[in-house]
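To keep things clear, I will list the structure first and then write my remarks on it.
Order as written gives the chain letters A, B, C, D and E; numbering starts at 1 within each chain.
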Amino acid sequence: MTTGTLYALCGLGLFGIGLGGIILRTHLLHKIIATNVISSGVFLVLVALADRTRGGRPDPVPHAMVLTGIVVAISATALALGLLRRFYRETGRCRLPEPGSLAPGSLAPGSLERWSPERRSEGGDAEKGNAEKGNGEKGNAEKGNAEKGNAEKGNAEKGNGGEASGGKGDGCRTW
Amino acid sequence: MRGGRKTADRTENTDEGIRSKAYSHREVSTMSPVLWILDALFCASLLGLAWQTLRTRDLFKAIVLYIVFGLMMAMAWARLDAPDVALVEAAIGAGVTGVLLLSTLGTLSAARGEGSQRGGAFASAVPVAGLVTGLVGCLVGVLAVAVWQLPVESPGLSAAVEARQEESGTSNPVTAVLLNFRAYDTLLELTVLLLAVLGAEVLAGSEAAGSEAAEGGVAAQETAPRQETGPRQETGPRQETGPRQETGTRQGPDAQQERPPAADRDPVLRGFVRLVAPAMIVVAGYVLWIGGEAPGGAFPSGAVLAAMSFLLMLARAEEGPRLSRRGGRWILVAGLIVFWGVGIAMLAAERRFLEYPVPAAKGLVLLIEAVAAVSIAATLVALYRGGRLVRRPRRTVDSEFRS
Amino acid sequence: MPDLVIVAPILVPLVAGVVAYVAGRLRRGVAIAVAVLQLPLACGLAWEVLRRGPLHYEVGGWSAPLGIQLYADGLTALMICMASIVELAVGVYALGYFEWTERESQPSDHTPPGPSATGPAATGTTTSESAKRSRGGSFWPLSLLLAGSLNGLFLSGDIFNLYISLELLTLAAVGLIGLAASLDALAAALRYLLIAVVGSLFYLLGVSFLYSLYGTLDWQQLAMRFEFDFVSRCAIVLLVLGLLVKAALFPLHFWLPAAHGSAPSPASALLSGLVLKAAFFVILRLWFEVFPHPRLALAGQLLGGLGAAAILWGSLQAIRQRRLKLLVAYSSVAQIGYLFLVFALASDPAVAWNAWSGTAYFMLSHACAKSAAFLAVGSLQLAARGGEIEDVTGAAADHPVTVYAFALAGVGLMGLPPSGGFVAKWLLLRAALESHQVGLAIVMLAGGVLAVGYVFRVLGRAFAATDGAPQRPIPRLMQWTPLVLALVSVGLGLVALQPLELLRIGAPFAPSSSAQSAGLSEQAGLGEQAGLGEQAGLGEQAGANP
Amino acid sequence: MTLLDGLSLLSIASGCFFFVAGSVGMLRLPDAFTRLHALTKADSAGLGLLVLGLGLQADSWWTVLRLLLIWLLVLLSSATTCHLIAQSALRRGAALRRGDNDE
Amino acid sequence: MSLILLWFAVLLVASLLGGLVRILIGPTATDRMLAAQLLGTSGVGVLLLLAEALERPPLRDVALVFSLLAAVGAIGFVRLAADPVEGPP
């Protein structure tokens, strides 16, 4: 149980917490923080596994990879926060709507079509349908690869499904 | 100045091979209990902070916890012999991420002064949460077993890097990997930053003024009046930027007299910024220069410069960065242009793409790092501002962005 | 220096992207010039690969484990040709598209006056005006950087470099989706960004395992050192899971319809045609060339099963859709299913070559057909001023060329005989039948029939007589480009021999003797023109069209 | 253990004592404004003694100078931030009376 | 000697985690921000101790950057998230 292994396990723990967080939490700011937690976890694993090189000098390649990863993560986070700010300004909400529900479609770029509530309901059922089907398919072969895949997809649906029903105008302001 | 200060308590037999100061062998044997306790504390605090950050419903608390999480990560990097990563984590975590998150929170919770924002309940019914935690748990469990089975000694590339270190033009192995051996990765990474700015600019397209509001403290006042006009959907599309121009009407200036002046006219803040901003430029230059032989380089230096610009914008000091529209774009891509220029010059000189001639390697690496640092800083500022560096000068702003 | 031909496909678009970002008015000129230049570059690379076999190029002059290597074999050359053809057509189409939308928004009948513009009306309109131009203008640097990162991904020989290229594609795609500046585009972009970043992090965790096990990031060295132990299997699961999210395979596809449906048409064409294939290309490369192993057959069956489910479910959903772009987006979900069948079919070495080459050719023909479909739908949608299928009733009367283009693209999607899709499906069907996986064969045929369903649903409305309001005129550019691209996708069926020959170089499977005797030539090459020349000719024609 | 080492350990120990005092103060003091004191104590005295102790052990004058610079910057920033945070709390009408620490 | 320094570092990290409790329970945003400042300074202290104990001079640069940017977060809080809304408190 060297130092590297301990920190690698801690990195995996962060990966799990972040993954659970991004699926379960509905507020977008939580999701963005969860993304950062996942990336910190992965970077910790990357450097921790490299800590066990022969001789005292640590292996510089994973450090360079993590440096690049941190800069990529900060740019993705900054873009996501910009998107969130803009989304809040346009809709007054900070939660993603049901994937199928919000499909008024844009006629031409720049036409900021108002997101009319009555359109939201009729598109909602399509997505619910595949959520159940997705979970139904319990592939077994590859170490539960399918479950992980379906679960991730199934609960992303649930995650959004749940809040959409509760999301009637709760926006960011009420608590 | 101090004789053999290390007393006999060091159990580790330090073989005094030639080793640059930055990477002296660990003095304390890895088996001594104190290091175990330190590692245990770091790992426990990291996991605890991450859990709390995502569990709490108050968003401001989540952000503060995340800022402290960045601090603990920097200490974990320090403990894992990764000073370069610790430096970047410190510069970006403390300087950039915190301000970005807080500015977004400021926009989101403009209605309530306290800024405490509820994250809303967990997704939905308990069975789904149970299912997700179960599956994520089993995924992490399987991966933990895999990590546990990893051979103790991993065949890293440190020997290969050490062998070619002299030809790389820098004595810091991480900078050598970043800017010489795998320079192509860093080139693509600067393109990632450019794409992020483009994406932010596209989204801020019709909201240019809006993004400006998010810049200073006026965000709270400006968006405040909109809240009272009732729920969002009914008031029609937001894309015109008219109301953004005039400053929010405060609830009668006199109502404020007994309270201290608002922050932006606060002498302490302005004095502090005038004092710290030059120090930041000096430190950024120092970090950039030392990148050659010790941890440092373009990324931390760029992040420190960006943090300085945030301070200037936050304090709305007179010397806010003022860039013409054209100038802003050139600074954003300066790093890329120099990198591509060097790469193509090597091609023209019948060498491979980005294959630096050994004598010129040090100079080229430093040149690329310097310009990349400026570009990274400009990019982070543009991302904070919603894709644009241009700042419609409200007041005449004189001094240039950077000396 | 012959090696320049390998670096050029990456260098030219990325540098042009930077130039386009800085250049204000020159953006369109730079983008179109590079789009036209890319095709000969791709053909040159293909020619070089044909002549000298797989090419290697060490960036920075450092050898493999330390530095990054670029690697170009038959599959890479084919993919870069695919990308350049689609990018050229989309670029030419976008010329007309953004000019038209700007002219259309001039009298600002689109932006509802609304009571809100309390500020000076002048700044209100000029801001949205400059926003339009800048938004339309931002398409060019974004598409160039997307093209550069795509070529970088196809050519990369380093698994960490692949991670950065995937991130580049993600951010470019988010920017392109955001161009639509409509509310659902904003939500779709946000969801796509979060999911794609998490997918990339899964991939990076897999890379960290492989690096700590084998000490190298170059996937060819990795292939030599790879052993099938427990940790490596975990790394495979992580890599593939991350890439499945980005390739939108069936259970993980929920972000795709909203993203590709709400983006502007040229962006949707790029996303559906090329970006989805990039993630699949990485899986294909890793699965067959880095960690091939008999015990992976079981996992291959699972992926094949998910692919089959995707075909059925995607096609059914496409038929149910009421909006044009969502119909074409769900058709993408279905067609991606076809690609994933290769993991089930290629497990039997006898048919592996057919399956592999069929899939590669399917990627090529589907890219052209899907992009043509999206461009045609975009034109129809703008002409009919509505996104619903009902809105395009009687479009054939006013815009025969566009409807005919959509029909030809539909031929490619359905896989009817003359088209490239047919050749690909034929190869896949042969592989399925010869390896006795009849179930997959049936699913493929059912997918084809369902495709007929949703294509003719649109064509039926288009050809229906209507007395409704006459549709708005579309610029000639936006009519003819989809037609030329659809012709290319059909033409691919006629010139299949040459690309399949190109594919053979550096392929993980040798065409087994049975395929040889069955005579690749007899069912693939109907016409004998020099394949590449013909393709280039068509491409040129598209370029020279405006 | 020369005299120098003893002295430096002593100052580092007292520095750590102030940090612990700061943390305990942060927990036990009733009100936001009183917690300010805990924070500033830890910054100025705690870090100052720590820097002094480490300075004694430093092997070059450059290191001592760097330590002092760090201490100065921390002093500067903690003074400013405490002022600003307190002011913004005042502006938000945070309760000044003892014991009422709920918003 | 470095062993003793490490024990002091452990003590500082313990006090840091103590300060963490205030962030978790802190009723108002002000308390949380104050606690964050305290943790920042403790972090600088721990880094300095580690720099000396593990013989890593670069860690002092990390401490320098932390001390420099300690104020950015707090000023961000004051100017962005916590600026008073002039509406009814």
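Just so it is clear, a contact is a pair of C-beta atoms (placed from the backbone, for glycine too) under 8 Å apart; a residue touches a chain by one contact, two chains touch by 3 or more.
Keep in mind the model is a prediction, meaning the values are calculated, not measured.
**Q** In the touch network of chains, how many steps separate chain C from chain D on the shortest route?
**A** The distance in steps between these two chains is 2.
**Q** When you check each chain against chain B and chain E, which touch both of them?
**A** D
**Q** Could you work out how many touching-chain steps separate chain D from chain E at minimum?
**A** The fewest steps needed to get from chain D to chain E is 1.
**Q** When all chain pairs are ranked by how many C-beta pairs they have in contact, which pair ranks first?
**A** A-B
**Q** Using C-alpha centroids, which chain lies at the maximum separation from chain A?
**A** D
**Q** Centre to centre, by mean C-alpha position, how many angstrom separate chain A and chain C?
**A** 24
**Q** Round to the nearest whole Å and give the separation of the Cα centres of chain A and chain B.
**A** Roughly 20 Å separates the two chain centres.
**Q** Indicate the whole-number Å distance between the mean C-alpha point of chain B and the mean C-alpha point of chain C.
**A** Spacing between the chain centres: roughly 34 Å.
**Q** By the touch rule stated above, which residues of chain C touch at least two different other chains?
**A** Correct list: 111, 128, 131-132, 135, 160, 164, 167, 171, 174, 178-179, 181, 186, 189, 205, 209, 212, 234.
**Q** Could you tell me which residues belong to chain E and also touch two or more other chains?
**A** Chain E, residues with two or more chain partners: 1, 16, 28, 33, 35, 57, 64, 68, 70-71, 75, 77-78, 82-84, 89.
**Q** Got the chain D residues that touch at least 2 other chains?
**A** 5, 57-58, 73, 76-77, 80, 84, 87-88, 91-92, 103
**Q** What are all the chain pairs that meet the touch criterion?
**A** Between chains, contact exists in these pairs: A-B, A-C, B-C, B-D, B-E, D-E.
**Q** With touch defined as at the start, can you tell me which chain C residues reach chain A in the complex?
**A** Spelled out, the residues of chain C in touch with chain A are 98, 101, 104-105, 110-111, 128, 131-132, 135-136, 160, 164, 167, 170-171, 174, 178-187, 189-191, 193-195, 197-198, 201, 204-205, 208-209, 211-212, 217, 233-234, 237, 240-241, 244-245, 249-255, 257-258, 261-262, 264, 298-299, 301-302, 305-306, 309, 313, 317, 320, 323, 325-326, 381-382, 385-387.
**Q** Quick one: in the complex, what on chain B touches chain E?
**A** Residues of chain B touching chain E: 5-7, 9-10, 21-22, 24, 26-28, 32, 34-35, 37-38, 41-42, 45, 48-49, 52, 60-61, 63-65, 67-68, 71-72, 74-75, 78-79, 81, 83-84, 86-87, 90-91, 94-95, 98-99, 102-103, 105-106, 109-116, 216-217, 219-221, 224, 228, 248, 250-251, 255-256, 262-264, 269, 272, 276, 279-280, 283, 287, 290, 294-296, 300, 304, 307, 310-311, 314-315.
**Q** Which positions of chain E touch chain D when the two form their complex?
**A** Chain E reaches chain D through residues 1, 4-5, 8, 11-12, 15-16, 18-19, 21-22, 27-28, 30-31, 33-35, 37-38, 41-42, 44-45, 48-49, 52, 57, 60, 63-64, 67-68, 70-71, 74-75, 77-78, 82-84, 89.
**Q** In the complex formed with chain C, which residues of chain B make contact?
**A** 142-143, 145-147, 149-151, 154-157, 160-161, 164, 180-185, 188-189, 191-192, 194-196, 198-199, 201-203, 205-206, 208-209, 235-246, 326, 329-330, 332-333, 336-337, 340, 343-344, 347, 350-356
**Q** Okay, in this complex, where on chain E does chain B touch?
**A** Going by the criterion above, the answer is residues 1-3, 6-7, 9-10, 13-14, 16-17, 20, 23-24, 26, 28-29, 32-33, 35-36, 39-40, 43, 46-47, 50, 53-59, 61-62, 64-66, 68-73, 75-89.
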